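By letter and in written order, the chains are A, B, C and D; residue numbering begins at 1 in each of them.
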Amino acid sequence: MADEKLSFGINDSQLEYANSVLQECIDNCTECSRMCLQLIPYCLDMGGEHASSEHIGTLQVCSIMCEACAKLMTLESEFHHDLCRLCAQICITCAIDCERLADDNPLMIDCAEICRKAAESCERMSAH
Amino acid sequence: MADEKLSFGINDSQLEYANSVLQECIDNCTECSRMCLQLIPYCLDMGGEHASSEHIGTLQVCSIMCEACAKLMTLESEFHHDLCRLCAQICITCAIDCERLADDNPLMIDCAEICRKAAESCERMSAH
Amino acid sequence: MADEKLSFGINDSQLEYANSVLQECIDNCTECSRMCLQLIPYCLDMGGEHASSEHIGTLQVCSIMCEACAKLMTLESEFHHDLCRLCAQICITCAIDCERLADDNPLMIDCAEICRKAAESCERMSAH
Amino acid sequence: MADEKLSFGINDSQLEYANSVLQECIDNCTECSRMCLQLIPYCLDMGGEHASSEHIGTLQVCSIMCEACAKLMTLESEFHHDLCRLCAQICITCAIDCERLADDNPLMIDCAEICRKAAESCERMSAH
């Protein structure tokens, strides 16, 4: 089924590559969604700017959007391109916010990196 | 379809009543899920214990569970009874936590009331 | 808090109006998300084209997107404009698909109308 | 933070083990949620009993519950034990349904195995 939907005008190895890019993006968005959710109680315990409504809100929105994006890709919706484009922007915003507050904290740095990886995947998928 | 699934051994007015109880519980869970989500940035801006990982976590969990519970009822899953029972406990926990921190704040009191309403609906549904 | 975020350069009655438009859009998206989810088992029981992966997929995607959109608005994320724009397109697509298959079926017509209402709200919010 | 929450009366290696069991269960529930969602369009394209409202509904409910369960574990909610117990039942139900319809189809067999793996993890977590 996946094959059929993606196969117009491309050969088998191109198709396999397209599918692997899709699966990787689903993985990256899923990981990003979980990481942002996991960071929320951690940031609340840190307090200060980490516990601000702005930072926590950014983590929540990134988690919600990555989850929705992973679902649309799993369902192979034609709308995943546009959602991936928007999701990439949100992931970048979240990465920048985590980097701003990271101060060598390994979990914050981890989260920023996972956000950037998801953003790159999403940008690539938005063009597919 | 809903009719068929719920109709064994009960008459039309009983069926209508059962459906209205179901719809009301879906409404109450949906409202509770949204209210808890909406309260998170508000509590973060209040700071102190309102912004603690315990209180915010309770709001998040209540929101997630009410959402899942509303979906299982919408799909008329046989498992909604057990999930409603658990959801009622979570809503009560969230209501108590909001009341503890309310201190006459109308939004906190609102949230506690909505949680209690969802809990009552869920308890009733768990027996259906 | 909501007041503060939305208040730059607008007066109280404009603010009240903006908030009511936001709340209405959250309501409409929430209703649309639930209606699409509820229609899935109904369409599966009808069989034929109603039970095709295309139609069911459209209902699933509309439900997922309306849910994500309602959450971003509830959290007052700056990204809700762009997500509302995309959500409007998805709701219209779903409305057209329901109308195509409706054939005087009241539930299908209901769903199409709820999708169109959500689409209109989302279009309005995308400009705010 | 995770350490603190789980550390009462247990030593470091026990704690490490508890955390690895938790992470594995989150992974298994996340994989199960995605697999069930992915199988829906595939089963719809197969038609017949695979496309029945009962089977599709079971896949939907399993996907929703595994998702909620993974989130509660990620947030380290005290309620994850009870939700894991219920989630295990739902995953088993879904596994049995997939096996019943599998007929050597590798994707159906895959899904059943992933459901059973998630069920085992959830059962273990429900006792922790």
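One rule holds for everything that comes next: a residue touches a chain if its C-beta (ideal position, glycine included) is under 8 Å from a C-beta of that chain, and two chains touch if they have at least 3 such contacts.
Because the structure is predicted, anything quoted here is derived from the model rather than measured.
Comparing the centres of all chains, each the average of its CA atoms, the largest separation from chain A belongs to B. Ranking B-D and B-C by contacting C-beta pairs places B-D first. Put simply, the C-alpha centre of chain B and that of chain D have 23 angstrom between them. With centres taken as mean Cα positions, chain B sits 29 Å from chain A. Chain centres here are Cα means. That of chain B falls 22 Å from that of chain C.
In chain D, the positions touching at least two other chains are 1, 40-42, 45, 53, 57, 60, 71, 75-76.
Taken as a contact graph, with one node per protein chain and an edge wherever two chains touch, the assembly is complete, since every chain touches every other chain. Of all residues in chain C, those touching chain D in their complex are 40-42, 44-45, 47, 51-53, 56-57, 60.
By the touch criterion stated above, chain A contacts chain C in their complex at residues 1, 53, 57, 60-61, 64-65, 67-68, 71-72, 75-77, 79, 82-83, 86, 89-90.
Taken together, the chain A residues at the contact with chain D in this complex read 1, 26, 30, 34, 37-38, 40-42, 45, 70-71, 74-76.
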